[in-house]
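Please read through the structure below; I'll follow up with questions.
We just call them A, B and C in the order they show up, numbering each chain from 1.
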Amino acid sequence: MEFPRFMEILDFIGTFAFAISGIRLASAKRFDLFGAYVVGVVTAIGGGTLRDLMLGVTPIWMTNPMYLICSGIALFWVIIFGKRLIHQQNTFFIFDTIGLALFTVVGAEKALAMGFPLWVAVVMGTITGAAGGVFRDVFINEIPLIFRKEIYALACIIGGLCYGLFDWMGVDQMITQCVSGFSVFLVRVLAVKYHLCLPILKGEDDE
Amino acid sequence: MEFPRFMEILDFIGTFAFAISGIRLASAKRFDLFGAYVVGVVTAIGGGTLRDLMLGVTPIWMTNPMYLICSGIALFWVIIFGKRLIHQQNTFFIFDTIGLALFTVVGAEKALAMGFPLWVAVVMGTITGAAGGVFRDVFINEIPLIFRKEIYALACIIGGLCYGLFDWMGVDQMITQCVSGFSVFLVRVLAVKYHLCLPILKGEDDE
Amino acid sequence: MEFPRFMEILDFIGTFAFAISGIRLASAKRFDLFGAYVVGVVTAIGGGTLRDLMLGVTPIWMTNPMYLICSGIALFWVIIFGKRLIHQQNTFFIFDTIGLALFTVVGAEKALAMGFPLWVAVVMGTITGAAGGVFRDVFINEIPLIFRKEIYALACIIGGLCYGLFDWMGVDQMITQCVSGFSVFLVRVLAVKYHLCLPILKGEDDE
């Protein structure tokens, strides 16, 4: 039973990092404690909840109090560390990327396990990883960041495709999980390191 | 059968007050009649709908036309009274708080009746009471009010906890409903009367 | 089997036109390719997805890859034609209106087939036709257009009522579909041609 526990630790780390990102952005907009907590929770579990609603199963956070508790710890973390969070930037980038990788794998896996085809699994992996950040940005009244900057959702798509490919080839599930999770991680880290981004779609008014 | 009818009247009052709040904010943004009606409906039933989707049951408004009709009456009310609504401010505050209390109790009760644990019931009560206002603010393109001002959702949380406590102690359901509803009402009224609010989460740029 | 194929062609045209409208607005806000694609997809399938979640069935786009592929074609169309899209304005208005008509009919039909009453079917038709555009506007951080300008959702409501009326009178399903779809089309075209719009709800601050 070593492996599930390892997954649980990654899940906690990812949830924590996602919640921190929501709470920090909410605090920059002067939300109160409750508002900041809600934005943190929505960032952490919004993607998984939307996925579960579409798959027709009970949202993950309703089956395990860990997600709400973990977001609460994230709130205290931001209260305690405040300005010093800026020095934890790199750590949180790594944590956030671990969350992205894990959430993508979990989302794709869940869809495949329910008998949906690969392309649905890829979308579900991407929704699990990236939709929470979209909800966060809607709540703080900003245009969703992932639609404009950096390669983020693309990492989920590539990870989902890896998962599907390995699963189709009959590779062992644990290896499939690790490789596809690692591919999400790698794409995201390389994109940030080399400032890679997708081309902007040229507007009709542009010269 | 006296009690259900009483609950129905409270439900109507709450729906009406929630719809009025949505329609007034929409009119301030110069929405047309249809847009104002939709914002009213979403404010009134958005919380219950999100709760029902998460619980996996048919959204409440699809089982009873009362909610859409009641929102329609609210639209006519705003058209007829227009500027004079300002003099009905206190009445609407009481109505809105009745709605908040009732929706919280109904939400928590529904989750418990479906076998979910207390903490899910508290969240469901809060979503039922407060999520409609969040959707309203997203539609009128403002940062949700309840994340920044006043104690609103906290009243739902306290009411949900009361419900769970009394339910756990085996108190009669009707008393449990009344006490937890009243606790929501009391917290909200006291918060507004004494201008209580939650502390703002200090942003990282603040001095 | 002539008729289903005809419906499928209309469905493709409608999805394409809805996706184009989302992608063009996203490009005006300088979204990247992925962001523009997501906004296109959400505009095209958001209404149907919300309807299916409320009806408790698997969202339509998860059962057929056509919707995601069609949105991808729309993305390439916008990339290739760019500024020249402005000359295709009238074509896209017709396509968009075909989509609105078809989506309304499909949505109302699905709700009636599942045994819901007429008024639920009318709402479901309207949600199928109009909610995608609301999600689009939330994502690009604008107040939803259909709440402020032009008669759009009203066309869906009228179409839904036609559907219910003909269905109730026992008229053949294919005729019912055509007449109600055509009524949506007609209302929308007349509204745009004669610049008809719903009255603005007068705000409380207005003189």
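Simple rule for what comes next: contacts are C-beta pairs under 8 Å (C-beta built on N, C-alpha and C of every residue); 3 or more make two chains touch, one makes a residue touch a chain.
Please read all numbers here as calculations on a predicted model, not as lab measurements.
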Once the contact rule is applied, which chains count as partners of both chain B and chain C? A
Does the chain A and chain B pair touch with the same residues on each side or with different residues, judged by whether over half of the numbers are shared? different
Chain A and chain B: spacing of chain centres that average the CA atoms, whole Å: 30
Multi-partner residues in chain A (2 or more other chains touched) are 53, 56, 138, 141
Per the touch rule above, chain A residues touching chain B in the complex are 23-24, 26-36, 38-39, 49, 53, 56, 58-59, 62, 65, 68, 78-79, 82-83, 85-86, 138-141
For the complex, give me every residue of chain B touching chain A. 53-54, 56, 116-117, 119-120, 123, 134, 138, 141-144, 146-149, 153-154, 197-205
